[in-house]
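One structure, as structure tokens, below. Some questions next.
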Amino acid sequence: MTELNSSMNETLDVGERLAAESLIVDVDGFEGPLDLLLSLSRTQKVDLLKISVLDLARQYLAFIDRAKELRIELAADYLVMAAWLAFLKSRLLLPPDPTEEGPSGEELAARLAFQLERLQAMRNVAAQLMARDQKGRDFFIRGIPEKLEMVRSVTYTASLLDLMQGYSRIRTKDEFRPFAMDRNNVFTMEEALTKMRGLIGSACDWTDLASYLPEDWRTDPVRRRAATSANFAASLELAKVGQIELRQSGTFKPIELKRRGD
Amino acid sequence: MSDREQWDNSSEDSLFEAPPISEQERMIEAILFATAEPMTVRALNERIPHGCDASEALVHLRKRYAGRGVNVMKVGDAWAIRTASDMSFLMQKELVETRKLSRAAIETLAIIAYHQPVTRAEIEEIRGVSVSRGTVDQLIEMEWIRFGRRKLTPGRPVTFVVTQNFLDHFGLESARDLPGLKELRAAGLLESQPAIGPLTSETGEVEEMISEDQSELFED
Amino acid sequence: MSDREQWDNSSEDSLFEAPPISEQERMIEAILFATAEPMTVRALNERIPHGCDASEALVHLRKRYAGRGVNVMKVGDAWAIRTASDMSFLMQKELVETRKLSRAAIETLAIIAYHQPVTRAEIEEIRGVSVSRGTVDQLIEMEWIRFGRRKLTPGRPVTFVVTQNFLDHFGLESARDLPGLKELRAAGLLESQPAIGPLTSETGEVEEMISEDQSELFED
């Protein structure tokens, strides 16, 4: 750490240039600030829980300063960590302020040490895990699983992945629209036409257009209105193509229709 | 693993003694178990360290498996471990052909899982195509979906919900554990561009629907 | 074949005594040899005649294969026969090419295994960097992890847990047998403390739940 500090105050000689090169590589090679801190902490060569977080903070800040000096692009999270460590450093150096709210500098330091130790521990066990005997590499499954005659049945299967991909396929097929049965009360002219075409065959005599309303469209006023207008439009269409005749004895009187005599 | 180094390098084996016959027997046992086809004595000898004798080891191994649930058997001029003939009745249930569900069935199933209880008309509305009778029948037959309560809407249409079998198969504790769109995207399962305005704003919607509309269904 | 008729028809079995344990052992042996995937005790019991006890037969069978070229291994609540790992040098032809996992994927896998059930936010907090989409996707595709229950915390985040395939691949009887698990727990490294500092994730408040949930998973 002291080396880093002192070198910063001098002009860079060739050796330091080389060191700077390696720094660039290092910043790229690190997986974020925590990874960098863990690497720096190795120089202290002690149990991670007994690590000097203050020293570590200094090292990190020196590292960041130097990276800045070398105009290395640093990701925002490296700078956020630097700011936080600067804050932590001041907390650790100053006598505790009894009026201050929140965790003390020591608590924050212990927490950081814990995070480092935990990350290191996970890396250790990850390595242990991968070093275990593995299927297909160290031990093997049955090479000839028995194929059996007799009962042949087909089962269909799907994995959760299939299910989720299927769902996302539908949901992203077009613009997402929350589901709503919004055409509940719309009776289209096409529907009316289809219905009436089926019925007019038996309309040899004049019959009230209202009697062509479908059963479940008669009571609810909204639905009744929708069906009535659709039926009316449909009857005009049928009259136009010459399938029926229409008549009305006066304004607001019932409209009647009859199959066109042929 | 310590054994391994000892027998490992067959080119230098002549310097070592051949492993004990019990060890050779273990090797033949492991090879006959793991290989995908019956092995001739010659093929076995090529696999095991120099100085070993597959024929002799086979004699021992064959004796060891005599009367067991599986036997060492000769198949043509090769050897294999096979189920003892009197055990064949255990294997009858074995032959189940597994096929992937059709895309239509998977999509229908997904909609039921995410939107249950849901009517056929609603499924069709969401998929944008009609749902064939066969698809629903298939899912019911698989016992992955069943009929739920009728909707209190005109026509009182039946609804579909997923079953306990469904949850078991997909390793879910409840249908609530199905990841939402946001999570699907986070896990990289959603290929489409996340930026479409309405899409992002609606991602919460799915979960909301599940937690609220279906709360009756999911309550214990 | 004479035995066959005797145990065959499970509906009439109550009339007969269960077959002797040595016979049950043979049956389990035949079934485990025939299948490549681990089988649960329940599935085994379904296959063998009524009145048999797969668990007891398995104890005997496991002993019988101890030290042999193939071993009876426990995988979660399932069982499988696998070649002994010191025989791997014989199996060059059976080697399965596995996709090389990135360091991030390996660490993520380890964190899920040791901290399960664990949320994405928790993984990110431990690693100090965000988890890339591809990483989780890859582990799910390999069927080494799956979605677990949602956390009962705000946002109800999904969790990840390891699968039976994971246990099978690494030759683990259960998640409790993960290397170093006891030491990690004794050192308090599996407890989560409320994070402070710049690595705090927004969902930090979820964490009281972990230890409680986790105990269920690791307990018998």
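Structural remarks
Should a chain be cited, it is by its letter among A, B and C, assigned in written order, with residues numbered from 1 in that chain.
Here is the rule we go by: a residue touches a chain if its C-beta (ideal position, glycine included) is under 8 Å from a C-beta of that chain, and two chains touch if they have at least 3 such contacts.
Keep in mind the model is a prediction, meaning the values are calculated, not measured.
Each step here moves to a touching chain, and the least such steps from chain A to chain C number 1. Placing every chain at the mean of its C-alpha atoms, the farthest one from chain C is found to be A. For this pair, chain A with chain B, the centres built from the Cα atoms lie 27 Å apart.
In whole angstrom, the spacing between the mean C-alpha positions of chain B and chain C is 14. Within chain C, residues 33-35, 81, 83-85, 87-88, 91, 94, 140, 146-147 each touch two or more of the remaining chains.
Annotation for chain A: residues touching 2 or more other chains are 140-143, 146, 148, 160-161.
Of all residues in chain B, those touching chain C in their complex are 1, 3-4, 7-8, 25-31, 33-36, 47-48, 68-70, 81, 83-91, 93-94, 171-174, 176-179, 183, 185-189, 207, 211.
Chain B meets chain A in the complex at residues 30, 33-37, 80, 82-83, 88, 91-101, 103, 105-107, 109-111, 113-115, 121-122, 125-128, 138, 142, 153-154, 169-172, 178-179, 181, 184-185, 189-192, 196, 198-199, 202, 205-206, 209. Interface of chain A with chain B (complex): residues 140-144, 146-179, 181, 184, 216.
Chain A contributes residues 31-35, 77, 80-81, 83-84, 88, 103, 107-108, 111-112, 114-115, 117-119, 121-126, 128-130, 132-143, 145-146, 148, 160-161 to its touches with chain C in the complex.
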